[in-house]
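For reference, the structures are reproduced in the following blocks.
Both complexes shown next keep chain A, but they swap its partner, so chain B is in the first and chain C is in the second.
Now for the complex of A and B:
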């Protein structure tokens, strides 16, 4: 009881990450190199950024599965604009997907609030709607003609080291994106009134309503926030791959939700931390990386991901049960014997 | 010293909230009719009435959730308020502690108490020090000590309730409305709450206490306002009232229920329990039950009474002792066996939850006995089903316009009878009722007692688990007092006065 439960979750996760890393290093010494680690943090920055948004939605008691479509639509519109105009500015490219993400998020937020339909249903529908419209208009065409600065930007690193083979490597600029957004999200949750209200709404919606909180504003904010992050992540994804395929991102919803839930967030709402989510993303990244290093078939990825989600969700449900039993036990003890 | 006391005393005399000529209609129903109400600072004022008497409508008008019809006057703190909104009511110091407490279970005690800062006070950033200081200050003022950094969900319900009250005080409450505050507390906790309420009173806070439990109303309040059918019966000083007067005021009827003193000592024994124990729940329980007898088991929540009852029904196997049902040994191994031995169990709350309110009386009645009504081709014969339902309605004296009428249209008491009938139709010989009148109106209570007595006359034996002394005294033949997992006393219901029982149970 001394430990807060979420702290416990984080410690468990950290232990699992460490054990898994040791195992993978024994299997393949290449795993525990700075080079591989930096690669991991770079390649998973898309996952990490959207997981922060999913975290906020989950804390508020909602869920969003449409962010992959949001990210795709946002990056595709950006791609069309910069490849047609060839404006040689990364900043401009970066600024295009953000308002698109926020707008699509706002649609989700309004639908969730006004229809009172379960957000899973709403966002599955908008996922299909956004994605369907995009496929219809784009006809699935890929975009890979980008201005030079857009290409150069992807190679930016915070610092550069040399590997033993003489190949330069370092911490990617996109890892920095992830870290900064993580810090912003942490700050928002802990020090902004809206952050505390998100926890409150997720903990007890009716109580929040009775306390006079503006539920619409809170839900709108939450879905706009994941929309915004999906926009940024869409940009990061396009940069990392140097091409935009309309079908590249859709399908990754489960990885992201799994990362957040592994990190201690709950589909029941009210709990979750940035640190936990970071570790959750890291765990999923390591598992995937390990499977690649061990040359396992791509289908195994799906099987293992599915198992991890079931496991994580069962553990958190079990913890909930234990906690309820503990409370009951104390209640009886008070008068018994 | 005297100076301070005097000052508080004069403060306490001021009326805080006054409602005049309040009426409210919902469609064709007159929920409130020309009701006047007044509560003073430093007063504990109880509001009582049966379901549908207008209690909750009155509270909703006082908190701005509903607007009264024109002609009403609302005066708060001496000032007339023309249009009261929930926000305005809150702002003027009217706070409700709902039955469900409406706390944020995932947030810390401190944050829950100081949550008003999120509405007003924090312009841009959350000031954690201020949250800490404010909640410490309020808890000190009220003499509460709870760990500030623990999540509220980890506290027992009674402590959560204190958090909810502290939150109201932190939000500058001058009137706190407590809606059924004792419904999930143990007696010890109720006593603690009452001490706490007296403390609030001394600080000049007005308390509106809403409860079904008349004994508690009589214990804690200074004045009682009684509502009946949307009209105010009156406001009375509590010292002029007792339970029977109060229930008369609420129902307009004298409590007609009396139980014949009958002797069951000669009737054959149907159940014998010997040294029944289960680790950490109850131990050394021994008693017997005779045919046609009502055995009352009274004890606080957490006394092991429900755990013991579940064991008798095969849901909680005991690890020591013996159960004999009509001479046959029963180890408490399964519900199926318990049912085949003729034991029925109606759990707490089941009386209301056991009904599908929008379905007809007929459908609700036959659901436990569908098998008996099957024809050769394993099909239901609707005519037979209806006949069966008609007969049951007649047998149990259920007042319904027709068996096809939805259960919702029945009065509370008749709804309860439907549930009882449903269980009786399975033909148990021993029926265990776990707090069957929890949260039920006085009128409905009476008709449940009536049905119980009628059933025993047909040879059924009943174990009645309860936490109300008056109830077990009125209904049972013998009473067992259970405490800390043991039976501490057994006696004849006729041989003891209610007051003595109350003292024995609560000491």
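Now for the complex of A and C:
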């Protein structure tokens, strides 16, 4: 039953993405060009990568709003190190933010497990703490002096095509990052024991506890995983922009949560898929891209984003109600959920 | 927490808060070399406290019900903007009382929207109010295009900056609403149902309570209080903008948790909230006097909230 519902969400979402794409192409033929599509996939790779982490946290029944601060701290420390030492190695730059992300995620995981307080409250606190400390120490200074290989790496493409105007374009290396991490997350959720445990904990925490699962280990893993992805995404973000501004990422957490929820994940936990999340990110990216192509005022972004979140959450709440009505009767459904 | 011992636990918590307040007052006056206890600082506290206090009262209802309202600041800002437009552009001849009426009506309307999604559609409060927060702030941005609307008539400025027999008007408003909330939560059927719902919705349902009505009213009340807070905020700043006071959101949650509202719902009293609001305002004013940057302050608020949550877990289990 649940499986069918999830499939449905993905199909709806795919239909919306297709309809929206057709509409935007009619409005502005530039939309449906390979160039714009590749750009879209490149520019949203940050969003896509962290959304995978948020997906796992949501499946486990938690929520994390602090990953933007984690990504910022991780990329800032990386920026300071590589701009001071000018070590000419992308691999090193890539490896710096990961342990930082995992460490900050581990703090979240421990706090969530130990206090048993709603993770929103915990992660709002750590968001303010991580970000506040970073802004206090860095004083908001931007970093834009990077070693040459760091700059060259951003231009790497998987393959290159020529546009009709003779401008080369192609699939960015960062889109590949996103795809690989998506595949890893998919395998982790579907085929590894830890993945099934995450679904179990999110579906019914008490049942999972009584079944003998180590809840602490699972929650720690989940928050470390989003920390790790935030670290990688921090690297990707720095590469994409060739600049590190401490205030560039914080504030994007809502977009990411919206993407995961649009994709069928639920704040009640226990449901959500990698494919759905990918479509959720794509939908948000298309809406934003479309608003720009249609030259709509930037002020409308928030109105539309807010409406999408409320609408998507309402649909999933309604589906949940229907399911409960089938299982427990109308009265319980109307009053309790 | 709604067990036999809950009142005792609550009393101990409030006593602990009073001691904490005394300790912080001492520490802060020491750190600021007595500046905190000078008359100007105390006045500043009395003028700044009502805004935080009213917003915290707005956050309290949803948190007691086991939810949270992330959209109170956005609501307050939109209400301020509508009041500002009414006073400066559309109906300048109708003066402040009309604008306030209009603003409070808008806050009730927004409360009905929130109540609709949380109570009737059953969207989890966190997500519903998150989406509505973005939506409402978006509407404010579309209306103002990011600009500040400033320059209100003098009778409106009286709310945030005037005094009545030496007491700031806004402080009197806060005190009145604190008493109102106290009576509503501890002396009425609605209050009892709200606490019951927060601690155990299933048991509440089977005691014959209409859960949906309780939740709907909670968000209506919360929005209305955000509307009242908005009058104080707009008047105090003499301006309205789409993103004023966003740092208050964390502070309201912190004030509730510190004041004894369990984040899972069902407990918390107005007295505890009031003491915790005073504590936070004293600390905030202390931070100001010490010249802390807003970022350092928000980092400290984050760590304090975590500290309180951990402390509660250690002491009260």
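The definition used in the following text is that the second predicted complex is superposed on the first by the 324 of 337 C-alpha atoms of A that agree within 3 Å, B and C clash if a C-alpha of one lies under 4 Å from a C-alpha of the other, contacts with A are read in each partner's own complex, and residues count from 1 in each chain.
Convention: a contact is a pair of C-beta atoms (placed from the backbone, for glycine too) under 8 Å apart; a residue touches a chain by one contact, two chains touch by 3 or more.
In this text, all values refer to a predicted model and were calculated from it rather than measured experimentally.
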{"item": "Residue contacts on chain A - larger count, chain B or chain C", "value": "C"}
{"item": "Contacts of A:271 with chain B and chain C, given as first, second, both or neither", "value": "first"}
{"item": "Chain B versus chain C as contact partner of A:158, first or second or both or neither", "value": "neither"}
{"item": "Touching partner for A:22 - first (chain B), second (chain C), both, neither", "value": "neither"}
{"item": "Partner chain(s) touched by A:190 [first = chain B, second = chain C, both, neither]", "value": "first"}
{"item": "Which superposed partner A:305 touches (first chain B, second chain C, both, neither)", "value": "second"}
{"item": "Chain B versus chain C as contact partner of A:211, first or second or both or neither", "value": "first"}
{"item": "Partner chain in contact with A:111 - chain B first, chain C second, else both or neither", "value": "second"}
{"item": "Chain A residues contacted in one complex by chain B, in the other by chain C", "value": "334-337"}
{"item": "Touch list for chain A against partner chain B, complex", "value": "1, 4, 190-193, 195-197, 199-200, 202-204, 206-208, 210-213, 270-271, 323, 327, 330-332, 334-337"}
{"item": "In the complex with chain A, residue positions of chain C that touch it", "value": "68, 117, 121-124, 126-128, 130-139, 141-142, 145-146, 201-202, 205, 210-212, 250, 253, 257, 263-264, 293, 295-303, 305-306, 309-310, 313"}
{"item": "In the complex with chain A, residue positions of chain B that touch it", "value": "86-87, 90, 96, 98, 100-107, 111, 115-119, 122, 124-126, 151, 153-154, 156-157, 186, 188, 280-281, 300-304, 483-485"}
{"item": "Of chain A, residues touching chain C in the complex", "value": "63, 111, 114-118, 120-122, 124-129, 131-133, 135-136, 254, 257-258, 261, 267-268, 297, 299-310, 313-314, 317-318, 320-321, 334-337"}
